[in-house]
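These notes are about the structure you will find just below.
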Amino acid sequence: MRRVIGRLLISCPDGPGIVAAVSSFLAGRGANILSSDQYTTDPHGGRFFMRMEFALAESDGGEVFEQEFRAQVGERFAMDWRVAYPEQRKRVAILVSREEHCLLDLLWRWRRGELDGDVGLVISNHEVAASDVAGFSVPFEHVPVTPETKAQAEAQMLELLAGKFDLIVLARYMQILSGDFLARLGAPVINIHHSFLPAFVGAEPYRQARERGVKIIGATAHYVTEQLDAGPIIEQDVVRVSHRDDLATLARVGGDVERTVLWRAVEAHLQDRTIMHAGTTVVF
Amino acid sequence: MRRVIGRLLISCPDGPGIVAAVSSFLAGRGANILSSDQYTTDPHGGRFFMRMEFALAESDGGEVFEQEFRAQVGERFAMDWRVAYPEQRKRVAILVSREEHCLLDLLWRWRRGELDGDVGLVISNHEVAASDVAGFSVPFEHVPVTPETKAQAEAQMLELLAGKFDLIVLARYMQILSGDFLARLGAPVINIHHSFLPAFVGAEPYRQARERGVKIIGATAHYVTEQLDAGPIIEQDVVRVSHRDDLATLARVGGDVERTVLWRAVEAHLQDRTIMHAGTTVVF
Amino acid sequence: MRRVIGRLLISCPDGPGIVAAVSSFLAGRGANILSSDQYTTDPHGGRFFMRMEFALAESDGGEVFEQEFRAQVGERFAMDWRVAYPEQRKRVAILVSREEHCLLDLLWRWRRGELDGDVGLVISNHEVAASDVAGFSVPFEHVPVTPETKAQAEAQMLELLAGKFDLIVLARYMQILSGDFLARLGAPVINIHHSFLPAFVGAEPYRQARERGVKIIGATAHYVTEQLDAGPIIEQDVVRVSHRDDLATLARVGGDVERTVLWRAVEAHLQDRTIMHAGTTVVF
Amino acid sequence: MRRVIGRLLISCPDGPGIVAAVSSFLAGRGANILSSDQYTTDPHGGRFFMRMEFALAESDGGEVFEQEFRAQVGERFAMDWRVAYPEQRKRVAILVSREEHCLLDLLWRWRRGELDGDVGLVISNHEVAASDVAGFSVPFEHVPVTPETKAQAEAQMLELLAGKFDLIVLARYMQILSGDFLARLGAPVINIHHSFLPAFVGAEPYRQARERGVKIIGATAHYVTEQLDAGPIIEQDVVRVSHRDDLATLARVGGDVERTVLWRAVEAHLQDRTIMHAGTTVVF
């Protein structure tokens, strides 16, 4: 009997009996719980979050399972919920400008089997990455952007992306995407910003960091919203620097942090370990 | 209606229905699950570990609750299990030699409300810490140890400790405790070792580290077993050093790591977040 | 022959021959260079910084030495320079409000011999720290501050501090000091801010951090200028947090970072390893 | 007038006048000191180490410069010394087995301009890396090794390497090199070991780490000597893990540390920032 893995993600008002209801529902279908994480903002009147990974017989999965869950559990606790099936690997598109270290790291990790999704397209407003991307047998589209052609470029990208990808990754893509574009994209977008937000928003964060004389620089991966550099943070990391490090050095050691942070955030999303809430991200 | 907090710790062979059985048992008694962590070494034939914190009406807690849990859940899944009640604060005794930084840090944190237990006694084979300990209104016992008087000193300490404390902390206590002493103590013992074990076992780890030219030093908190420096590790941390750091500097920056690592390990134990397994410690 | 240790701190326009001139001057007096650090913003037209620690015969030290250095080296290279003698231990005063963890850590390190200066006074706008400070045999002054009495309180503190201390440390002192006070103080002031500046300036940085959903919190020690939270940064460090950490937890784990960062910054100053430059701090 | 950059590396018995003699020698030739680092194991009778980077007119560099330095400075202070010229980029050969993450990271950094040397050859006892290496236009040699053919394989590699490369990098090369091979190679060899040595020497360090239940894993880059995993350490770093991390996860997160640590060590060597001493490495 083939077994299917499912991941149940729940967000609802906290209260007694939630875990029992969910786990009994699963046990009643012969499902084995593989892992479980939960979090509540406050056991009295707070919000409850849960991620449960389970295995069940293939014949019991899918549509019927979800209908029954909605009827027997989801509605009773007023849940926001969804089930994801890791077998349905997520389709990923990557946008990049000139700096290719984050892009290459994602492609490498994908090839090594370290990415729980499949890269199906790379779009860039420059042509520099074309030959590297070709080496990974991934389609590459060059969509140049100027202030005048921005609307047209976004339309062209929507044509390439909308409905075709489950996740868009901005791997040092240095163009601001319009709210309209994000709305019509219909898929989450993860960006890597090269500072520990909220310090140093906007352009040239390494230059800002050097001028301010900070002893630590960092990178932040976040979901993209209309508000620049203000979306829910998924992952951050930092590295120690000193007055001796010039701008080029900051960019290089910072680049190492960027690629790691972006990959961790993308993996958290692909493994269905993220739930957005009130401008922040719960990462299980 | 007063509510009591309980912490259920479980270790058993993995299999379907465990979480459902436990959470349904709790839901059936009106308990609200406050937090839950689980881990399995392998969903097929591995071992399952769980920590569940819950709140239930006072009248439903205690002996009857545990008897019913054993009968309805524990025996069915062949569980090793226990329930801890944070209201019953654990009694802690600390053993120390000359270096007092770990001792003082624990006493401070206890006074600041950062320790989920109560320090009731400090024993030292030296007298240096006496006046500091007095400042915290904690009894201090001087039990000198020489090779000749070791058996006698252990007997004296057993008199002070056995049956009276729930946790013994070796906060840089530089005497090796006999297996007989540990067996008769009847309480877990946590030690801080000043290296990232298993590197640099035994005496003078900072000297060993310097001679080997390592670029990172660390500290390890572990449960004490008869085998020196080989007990299940609870917590470790490290700090970067260089050739410029002499022995005194290593001892000082290492000391900062030691006190933090020891405190974290003691807290993990006091909050019932540790389960020993096969020479290692699962820390939730 | 008794030998005296000196520390020469230099800042001047970069150019050839500086190191040769300084080291030849020292060699000409039989001084042995114990350690040397240098840094240039740019070898062509940048600014040069150097810290040199040396030992020389007592009879050759002091006023004559400094006069000759000025005449033979300092003026030639248009240096900002000073010589510090570690034997003249710096006098330190500490200001604190209610949170005493940074204060106690400094006092305790001082007692252990981990502070290259002497704490001679603690001032607080609250009385809570009085008995702890007494345990270290350090004078304690209670100077309450209200919006109405601020000018008077600052006058009272100037009376206690001006001309009597070489360094003032704000160990979680939650009052803003006026520019006039700072000017009349005549001594550098180091503050600990509980965020990784420039993120989360102003009040309640841990609350801000939690609301923003950051994955890393930190602390910053900086020289105090009139501009709030904007002085030259001396030291920073961070610690990883998650959505599970409530405000109390952030304050506690953040507190550990604060006390370490403040101590490192104070030590850097006491060991004459800091040179301010263009709103930043060169730390050797 | 074209200027040449030189790097002077010195190791000698400590004593007064060394810095003055060196810097005066350089100043006398119009050299500008760009950076300087020094370290002494003990100012009284210890050993002194220095790295000085300087710029001087091309006509003053090279053989005459070195002859004069030997005569006027080197012999006087019984120095071990050498001058390196960064313009003469070091030739690097890389040996690899099946795991290619360290190799690819080095190649990619080289292409990005982050390596102060040039990769001229990759040798592997497997063929898997061949096509990737081809993408970087670097020659690839497949030299299989079995217990029976080891001597022959080493002879073949000596043919390819001896006298042709300045640095050999073992980027997860899983064969032990004989002392005879190392002696005849005539160039330093840097290896990456996947543990924080001296913990977990030998094979399968991640398995050892998991069985021991450590909370931190790491990687160590060291110069290779005849004694396995015991050569002078150049660089180390670590990453936090938990009981949840299975062997595959340890290998993956450890792999990230390995590639970073190896690159940092290789860069330290290529920038002439390393001096071996008494089984350890001074890294400036």
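Each chain carries a letter (A, B, C and D) given by its place in the written order, and its residues are counted from 1.
Keep this in mind: contacts are C-beta pairs under 8 Å (C-beta built on N, C-alpha and C of every residue); 3 or more make two chains touch, one makes a residue touch a chain.
Everything numeric in this text was worked out from a predicted model, so none of it was measured.
More inter-chain C-beta contacts link the pair B-D than the other of B-D and B-C. The angle needed to superpose subunit C on subunit D by their Cα atoms is 180 degrees, rounded to the nearest 5.
In whole angstrom, the spacing between the mean C-alpha positions of subunit B and subunit C is 37. Subunit D has its Cα centroid 42 Å from the Cα centroid of subunit B.
The multi-chain contact residues of subunit B, meaning those touching 2 or more other chains, are 39. Against subunit A, the residues of subunit C that register as touching in their complex are 39, 196-200, 211-216, 218, 232-233, 235-238, 242-244, 279-283.
By the touch criterion stated above, subunit B contacts subunit A in their complex at residues 14-21, 23-24, 26-28, 30-40, 43, 55.
The part of subunit D that touches subunit A in the complex is made up of residues 101, 104, 108, 112, 114, 135, 252, 256, 260.
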